[in-house]
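Here come two complexes built around chain A, the first alongside chain B, the second alongside chain C.
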Partner chain A sequence: MEQMAKVAFGIYTLIILSGSILAVSAKSLVRAMVGLIATLLGVAGMYMLLNSPFLALMQILIYVGAVCVLIFFAIMLTRADAGGEEAASAPLRQNLLALLAVTTVGGILSWLLLTRPLITTGVPVEVAIEKLGLGLLGPYGLAFELISVVLLVSMAGAVLLAWERRNGK
Partner chain B sequence: MSPLTLYQLVSLMLLLAGLFGISQRKSLVGMLISVELMLNGAGLSIVAAAQLTPANAVLGQLGTLFVMGLAAAEATLVLAIIVVIARRFGTTKTSVISTLKG
Partner chain C sequence: MPAELIRILIGLVAVAVSVGLIGLVMVWVERKVAGHVQRRPGPYEVGPYGLLQPLADALKLVGKQLFMPDNADPILFWLAPVLSFLPVLLLFLPLPLGDGLFTLDVNLGLLLILAFSGLAVLSLLLGGWASNNKYGLLGAARAVAQSVAYEIPLLLSVLAVAFVSGSLDLATVVKEQGTWPWNWNIMTQPLAFLIYIVSALGETNRAPFDLPEAESELTAGFHTEYSGMGFGLFFLAEYANMVVVCSVATVLFLGGWHGPVLPGPVWFVLKVSLLMLLLVFFRWTYPRVRFDQLLNINWKWLMPLAVANLMLTAFFVKLAQYAVVKM
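Showing the complex of A and B:
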């Protein structure tokens, strides 16, 4: 079983790596979205490996089901076609600066990660879904209510922002 | 290398991919895609840290759930902003959008 978990981890890592590379480097935004969806599915697999199937399902439901459809709407509404904004490759200076940022942050963080000892149990704990529900209704009820308020306000704000006034300003 | 380190390295990879994308993309939609990548890295890191350590696992899973909810709210608002900008400027290129006026 442990071998299988390692193989699955490798496959998911490969999916995440190739998907994220496609997502940030594809010339067409629709192809970048396909890369993003592959990455999200890979992360959902990681959640499965971490013994949290509820989160994996939520990842697929919220991210792949809702957020990706929203971004597809954004691509459609701005008419960002294949010959659009991302068609020409970025100038060399911008690419170099982006690489500099990535290597700086990545270097510092991976150095911290690899030199500091991490206290780990090695085996993911199992959390029953009932416990998650009790947590949402009990100690984390305020955060739960607040996030619904945030969602409601952002939906209303989005409608208000994108509202097209018919008779001028 | 412990499994926790491996998971954290994968989430670091997601963060770096998003960072590269957000500093190199030229349109707002591309930057939005990169932000989603970074948020996913954060979620994976939180869940790995909660599931593989003696820490409170319920808090970790619920925290990632809240990150997902916030990402959905953020994507909604950014979509509206992108639509307004595309209507006003006719493009979503970040080099063209350089006017600040109320």
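Showing the complex of A and C:
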């Protein structure tokens, strides 16, 4: 069984990595979205491996079933084709900044993981949905609400970006 | 090999075979009903009562050449029909046909079906977009707006039943209901049943809500450019989705395998077939709605009703718990 879990972990990691590489490197936006979908499905598989099927199914229901469909809607509204000006490769400065952003976040995260060993169990335990719900509304209520603020910020940011663009023209 | 794996393998083979058979039977039923509704006999040349007509149609589809339009995205174009059909096989696995008669024992069966049925929309979008055809793109655009809208009342009505049963496990939901029709969930949740059926029509793109493939406006919508089995897979997936939708309705509202005298699986198949027939009758009775009407029905009627129904259900469930504690 442990052997099978390791094989599954390898397959999911492969799916996540190749999906994310496709998502950032594809010229066509719809292909990039397919890469994103593969990544999200791979992450759902990881949740399954952690013995939390509820989280895995929610990941598929919300991210693959709803968020990606909305992204597709946005792609269709902008009619971005593979030959457009946005599809041209970014200047060197942008690439360097992107590399900096990736290494900063990745560096901090891996430093945290390496220096502060996590308390883990050998075999993951399945948490009942009731416990999950009570936890979200009880002890973790503040964190739960703060996540919704992040959503609000991103929405406000999208409106702000669209507004400035329209004023500029 | 572990027993569970063998069970899943057998289940998958059984599902694949029955999806093919159901597809053939449903094509015949649909054409016969359509014929008689329009006062003509329908297919009657091939086999007795035209029973072998769908088989001939299927052979024709398999034998046809697969075309792809110029400048279409080749990977996405062929990925779409496969992606529309594969998740369907998964949707059948948690359905309980009888007491203990299911393939996959998961305590989140309802959630599994809801999660993977979302992939169908995605395949439809990819197919419509990758065809490099304006009708395909228009069909895909309609499919997005429609499926995003109708998924919400569908989830809310299903959630109301989950509140009453206190479980997302399909077998548990069935066990909570009794043998006779007045013991079924449809008696306590009639509004949820109505909302479920209407939004299920919207989710499966069946007439009167078949806007993404409206023949008279968009040629064939998202599958305009597909020939042979590319089209065949979309077609088969549509019928398989219908079966899943009707099975879930049977499990949630109509008592699943419960029923007097006859054994459980017989009752299950009987109920599902009756619901399927109902959907076919809907298709040939009502004209297709306009797109603004389609969205108005959803946002102005189904959504508020579903939310109100859910809140009332939650209130009464809590009240019942409180009463039990008091006693």
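Assume the second predicted complex is superposed on the first by the 125 of 169 C-alpha atoms of A that agree within 3 Å, B and C clash if a C-alpha of one lies under 4 Å from a C-alpha of the other, contacts with A are read in each partner's own complex, and residues count from 1 in each chain.
Rule of thumb we're sticking to: a residue touches a chain if its C-beta (ideal position, glycine included) is under 8 Å from a C-beta of that chain, and two chains touch if they have at least 3 such contacts.
Being a predicted model, the structure only gives us computed values, none of them experimental.
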Touching partner for A:M76 - first (chain B), second (chain C), both, neither: second
Touching partner for A:V105 - first (chain B), second (chain C), both, neither: first
Partner chain in contact with A:S52 - chain B first, chain C second, else both or neither: first
Touched partner set for A:P124, first chain B, second chain C, both or neither: first
Which of chain B and chain C A:A66 touches, first, second, both or neither: both
Partner chain in contact with A:V7 - chain B first, chain C second, else both or neither: neither
Residue contacts on chain A - larger count, chain B or chain C: B
First, second, both or neither for A:R31, with chain B first and chain C second: second
Chain B/chain C common contact set on chain A: 54, 58, 66, 70, 73
Residues on chain C engaged by chain A in the complex (per definition of touch): 73, 75-76, 79, 106, 108, 111-112, 114-119, 121-122, 125-126, 129-130, 137, 140-141, 144-145, 147-148, 151, 168
Residue numbers on chain B that touch chain A, as the complex places them: 2-10, 12-21, 23-30, 32-34, 36-37, 40, 43-44, 47-48, 51-54, 57-59, 61-62, 64-66, 68-84, 86-87, 91-93
Chain A residues within the chain C interface of the complex: 28, 30-31, 34, 37, 53-54, 57-58, 60-61, 64-66, 68-70, 72-73, 76, 129
Chain A to chain B touching residues, read off their complex: 9, 13, 16-17, 20-21, 23-24, 29, 32-33, 36, 39-40, 43, 46-47, 50-52, 54-55, 58-59, 62-63, 66-67, 70-71, 73-75, 77-80, 84-86, 88, 90, 94-95, 97-99, 101-102, 105-106, 109-110, 113-114, 118-125, 127, 131-132, 135-136, 140, 143, 147, 150-151, 154-155, 157-159, 161-162, 164
